[in-house]
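Chain naming follows the written order as A, B, C, D, E and F, and within any one chain the residues start at number 1.
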Amino acid sequence: MTRQTVTEIRPQVRQYGELTSLEIELAKQSDSLLILPVGACEQHGDGLPVSTDSIRAEHVATAVAEELAGRAFVIPSIDYGVSPHHGNLPGTITLDPRTFVDIVTTVAGQLSDSGFTRILVITGHGGNMAALGVAQQVLLGTHPNLTFAYSPVSALATEATAILPRTEVSGHSGESETSQMLAIDDRLVDSPRLTAGATALDDLLPRARLSRTKSPASAVTFDQYSENGVLGDPRTATATAGDDILGEIVAKLVAYSREMLRL
Amino acid sequence: MTRQTVTEIRPQVRQYGELTSLEIELAKQSDSLLILPVGACEQHGDGLPVSTDSIRAEHVATAVAEELAGRAFVIPSIDYGVSPHHGNLPGTITLDPRTFVDIVTTVAGQLSDSGFTRILVITGHGGNMAALGVAQQVLLGTHPNLTFAYSPVSALATEATAILPRTEVSGHSGESETSQMLAIDDRLVDSPRLTAGATALDDLLPRARLSRTKSPASAVTFDQYSENGVLGDPRTATATAGDDILGEIVAKLVAYSREMLRL
Amino acid sequence: MTRQTVTEIRPQVRQYGELTSLEIELAKQSDSLLILPVGACEQHGDGLPVSTDSIRAEHVATAVAEELAGRAFVIPSIDYGVSPHHGNLPGTITLDPRTFVDIVTTVAGQLSDSGFTRILVITGHGGNMAALGVAQQVLLGTHPNLTFAYSPVSALATEATAILPRTEVSGHSGESETSQMLAIDDRLVDSPRLTAGATALDDLLPRARLSRTKSPASAVTFDQYSENGVLGDPRTATATAGDDILGEIVAKLVAYSREMLRL
Amino acid sequence: MTRQTVTEIRPQVRQYGELTSLEIELAKQSDSLLILPVGACEQHGDGLPVSTDSIRAEHVATAVAEELAGRAFVIPSIDYGVSPHHGNLPGTITLDPRTFVDIVTTVAGQLSDSGFTRILVITGHGGNMAALGVAQQVLLGTHPNLTFAYSPVSALATEATAILPRTEVSGHSGESETSQMLAIDDRLVDSPRLTAGATALDDLLPRARLSRTKSPASAVTFDQYSENGVLGDPRTATATAGDDILGEIVAKLVAYSREMLRL
Amino acid sequence: MTRQTVTEIRPQVRQYGELTSLEIELAKQSDSLLILPVGACEQHGDGLPVSTDSIRAEHVATAVAEELAGRAFVIPSIDYGVSPHHGNLPGTITLDPRTFVDIVTTVAGQLSDSGFTRILVITGHGGNMAALGVAQQVLLGTHPNLTFAYSPVSALATEATAILPRTEVSGHSGESETSQMLAIDDRLVDSPRLTAGATALDDLLPRARLSRTKSPASAVTFDQYSENGVLGDPRTATATAGDDILGEIVAKLVAYSREMLRL
Amino acid sequence: MTRQTVTEIRPQVRQYGELTSLEIELAKQSDSLLILPVGACEQHGDGLPVSTDSIRAEHVATAVAEELAGRAFVIPSIDYGVSPHHGNLPGTITLDPRTFVDIVTTVAGQLSDSGFTRILVITGHGGNMAALGVAQQVLLGTHPNLTFAYSPVSALATEATAILPRTEVSGHSGESETSQMLAIDDRLVDSPRLTAGATALDDLLPRARLSRTKSPASAVTFDQYSENGVLGDPRTATATAGDDILGEIVAKLVAYSREMLRL
């Protein structure tokens, strides 16, 4: 038995999971960027699927890897996130944030131990941001030489979102998320059932209204915002707006990834 | 704002993650079976990708759900498994088994709390079996009314495997796994680089040979079996054999799932 | 003060706990096998004591050590096991499987750190097998050079069990376990109160019946099998059958231990 | 023995720790706000003390309670925070973020269980924000009726900071923090030894520069910013500026606290 | 199948582990005391076995149960304790104190849940006292109605120890422990190899001497006391003194147990 | 940028938290003693504040540091302790003892890693003693070269307490603690509301009386001692007695600290 050798990675492969051990050795030698999509499994109102955040994270991650062809690979996604605020509405499955931190630090730590030096986490779910911040701190203590970055998706699209028609209260399962899903694949959206949720601050109960203040940060469960757990009016969403939003997100992450690759 | 109603789940959907909250309520009311595919991200020799076990688990889970159209849904997979025995070979990312148990019991426990009563875990990776056994015990204490079953993939195909040409030592990344991958999608296999690993008991070092005894159970890291971490000779694998193996696995799991649905 | 020296271990001692530090150093130098008996404290029907599994594990471990006189020592047993499935019936005390894993990996890890290289766990309780599998995986990551094996008791006696009169459903507190206890010490058995439990598949409720299928693996609490938590009819048990069963178990473990000592 | 009664809380007391059990019952009956100051014990350059963040948090918390006389009480502070990024410079003591989360959720959870409904955490240390976000998520799952808010200190002073002379790179132990400390008590500052740290983006190494980007978020240890762990030039700090900054922070938190008390 | 009944527990049984489920129900109905012996597996000098503390705990526990015939039962012992201070000398196996606390609180908590109300822990090893104190505090929070007491062994024998010839420094593996072991079974002692350890304060290094002060409490590893890990001169030990010591210990624990049974 | 240097620590500073990084380096070079005050937040009857134990610990720690001017520094205190026994009475906030152990071992372990070698913990609360014992054992395993001592406060004052008028049952919130608080600052005591609690053994319920026995150790929640959670009659307390008690405590700890500094 002689160990095989490979001299290049099959050119069309973007997923780490589709690489062989030999190809991963090559990716390590060229110090590739690894992209980890993380999402959530949580209620998204009457018309969006519960994996909306995972689907968007995976879509963006793959698009970024495509742009960086051969310099970046998407590692297997984590499709459950930190969603206690959605627990009262059907379909939600939430990890304890400490378990989520354990998974992320284990995966990133081992990749660092094995020789990779750059990891970018793309989270389709804002509720994962705090746990990702904690994961980053844990990794800074255990793997100080690893460059570990993490980014939300929707929040990057400042320009495309600025021209989107949005209600005063808008966010979860609202105009932006629904547009993105229509752009990715309109079969994923049950369009006839899209329904507005909370759309005006005055409609909110005091504690829910307070939670919309940026700082200090407070929080309520999403059934306290509206009966269907939606912020905004998804009925105005369009695939065209979604394309613009996703385009801006991908462009910004590609630019950032190139910075990481230059380190 | 009036909450929408749905009276049936869109007929072509098999993935829980593609359902809306309203549809999941319907699935719960009809006491659907939920199928959780779990895999691994670990070395699979020179020619198979590191997500081989995840890909097979997902494939089988979806095929089973397809057969049970509308009575079963595939929940988001866990694509990292328990693989300390592969840690010395490139590409492997392993979870601590206790973290793996936490994820499975969290997901299953919440689904049970929300009203589902039947969960079937399909693992493409044998190394997850012990942790799944522990998860089952934890759940038996916390959720005694949940029927929680788990199954390997390859080991179910006793008949199709019996007629497969296999070397004396055979298993990980060997004839059966490779055949299954060829049947699923031959682009996932780097066929020119498939190489035999350990094939005969006499070739093994004493401690590795001892670990092939069924009982008592001992274990070694896979680099002690062979340089490329393979057991068997994957070069004899064929897509046809893979179809037979996968067919037998799916048929057995469909039959079992019907038993679960009858409870 | 001069440190004493010993040149040989007192010849009749089989228990690690009865050795002095000086003797343990000698045992380490000769690379002795260490045997860890693990049991359970759980209901065993109306006629067997709750420590049945611990008593059998300890008995077998000591018998094996006796055969290997001076090459193997029995370390202090763990007399609580993983028994959530028996929790509804009186007398059961169960550890969380994660605590059980912690104990086993701590004990084995320290023995390995101190210089021992071979540990054989003998479990009198099948419910410990999954946790032992997890412990083995944890140890493979932290102590790859330790040969850590584990074995059940009853399941090894394939030949002696084959000729035992057994009911269609048989197992916990049934013909084999009761025979073993009669052979060890018939005062441990409250023979007048031995009562049959579940004996035929048709008597079982559907979910209990499903759990008797080998694969996929599901589970129920033992009060769902029968009111007294017994599988089989222990009234047919005999000390003679028990001697045969124990003899086969010990012989197989002695043979295996000799393999381990040859490594 | 007759249990004493009190009809009012001693008017000058602001600290929960200085109240008796009887007074705490009264505070609970009037649904008082509880304020938890959290800080850090970490390097703050050559001229600021390591408890700078704790001192500022405690100072602000007490000032807010003073303004709300009798409607708010300061509970005992947590003076160790999450500071892995400062671990390489002398004096730093950091808690694991998971321990920090445990402390905060334990304290807040028990206060909620005992009948309090409003808790405001004031953190003098930005490095605690992620762990506080996680704590909020944990509490949302376990104590959904508790209003749990958290706020940074310096970041609230947008107006006073806008007119502060600040270098291009500025932050930890820089102009704002030093001004605040001078305003609180100038004996806490070793003014002759205040030294500029990193002040311009161009002076930073690439990875440190990248970490100053807002999103995606990456991080480096503070010794990679500058030898003394300082961002900005603390020599331009003044007590007057500090008064303005602290004034703005307290005013904003008082306004927010009144909102919380109105819920 | 009719469930059996028993009307009394077999009169000679003292061990909980030798009772059947039916007998345990009777013991619960008569509100029996449960006695948990805990020991250690740690170096005990050149002449005592490593399980010295477990053997003494088990011996005393059984003697107490014998005196209270039928009112008290000995539950399965925990034979590994908290022994980090002995880790540098051969034979020691130590549990993390947190694991030890988990085991004790799990066992005691389940017995309380099942209906028992009185548990007495007898520890042959002083190093377990702190963890037992913590276990008691945890149980006070979770099972406030359980009377959970714990006691050392040697320290109870104030009178018999007062007349024992003891060196200025005396304790671990010294005159008292060795006498007790000679009284229990002199074959457990390797008498020819008994050797004095540290016997005078002036012989100790400063830090070891400081640790002999009662309060504040400090600690050193036992290899810092003496090369053989012994405190005192075990060569003066006698079985007669051991009988007196054990007699006093048992008498005091029997008296205390009667108090517990009267509650 | 040139790193500053300091040649001496500002002479009046006693708190580690008020030192700069540069001064802490000097303190480390002169191998200073670090003193950690730990307290509790728990009911102290009708007249003492809930932070009584923290206030006394901090007071004593600072007084000891004052005596050792420049050789000892007080590190930030931990103001929540282990108080499950007080949980039924208002105002109590208790940490899980395992969290308390985590905090203490983290703080002490990092200080040891950074170069300090002597830590003295002063606990104002007896309920922390077991957890401190466990922390010491954990540290003995991980940091064997660290001298880690811990001491109670009141229990040291054997002479001053001997001449105090005390009721048969006396302790928590009784004559000694109240006197100490009056001596520290009489505004901290709500003197008109001081009330006697349990004062005689005969007044106690059997289980509470049993818990006053020294060994074996049992425990009850404090509402089982008396309605106000007090042991003794605090109305006889005086500031003069408090001065004597505190004086004796400080003198003994100073003497002990000098021993530690001589190591």
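The rule is simple: a residue touches a chain if its C-beta (ideal position, glycine included) is under 8 Å from a C-beta of that chain, and two chains touch if they have at least 3 such contacts.
Predicted model only: the values in this text are computed from it and were never measured.
Note on connectivity: the fewest chain-to-chain touch steps from chain A to chain E number 3. Annotation of chain B and chain C: not jointly contacted by any chain, touch as defined at the top. Note on connectivity: the fewest chain-to-chain touch steps from chain A to chain C number 2.
Across the assembly, the mean Cα position most removed from that of chain C is the one of D.
Residue-numbered contact pairs of B-C overlap by over half with those of E-F, the repeat interface among E-F, D-F or A-B. Chain F has its Cα centroid 48 Å from the Cα centroid of chain C. Between chain C and chain E, the centres computed from C-alpha atoms are 26 Å apart.
Looking at chain A, one finds that residues 94, 96 touch two or more other chains. If each chain is drawn as a node and touching chains are joined, the picture is one closed loop, every chain linked to exactly two others. The ring sequence of chains is given as D, F, E, C, B, A, with chain D as the starting point and chain F next. Residues of chain E that touch chain F in their complex: 82, 84-85, 87, 94, 96-98, 101, 120, 127, 129-134, 136-138, 140-141, 144, 147-152, 155-156, 206-207, 210, 213, 215-221, 253, 256, 259-260, 262-263. Chain contact summary for the complex, chain A toward chain B: residues 1-4, 6, 10, 15-25, 28, 41, 43-51, 54-55, 75-77, 79-80, 89-96, 99, 102-103, 106-107, 110-111, 114, 188, 190, 193, 195-197, 226-229.
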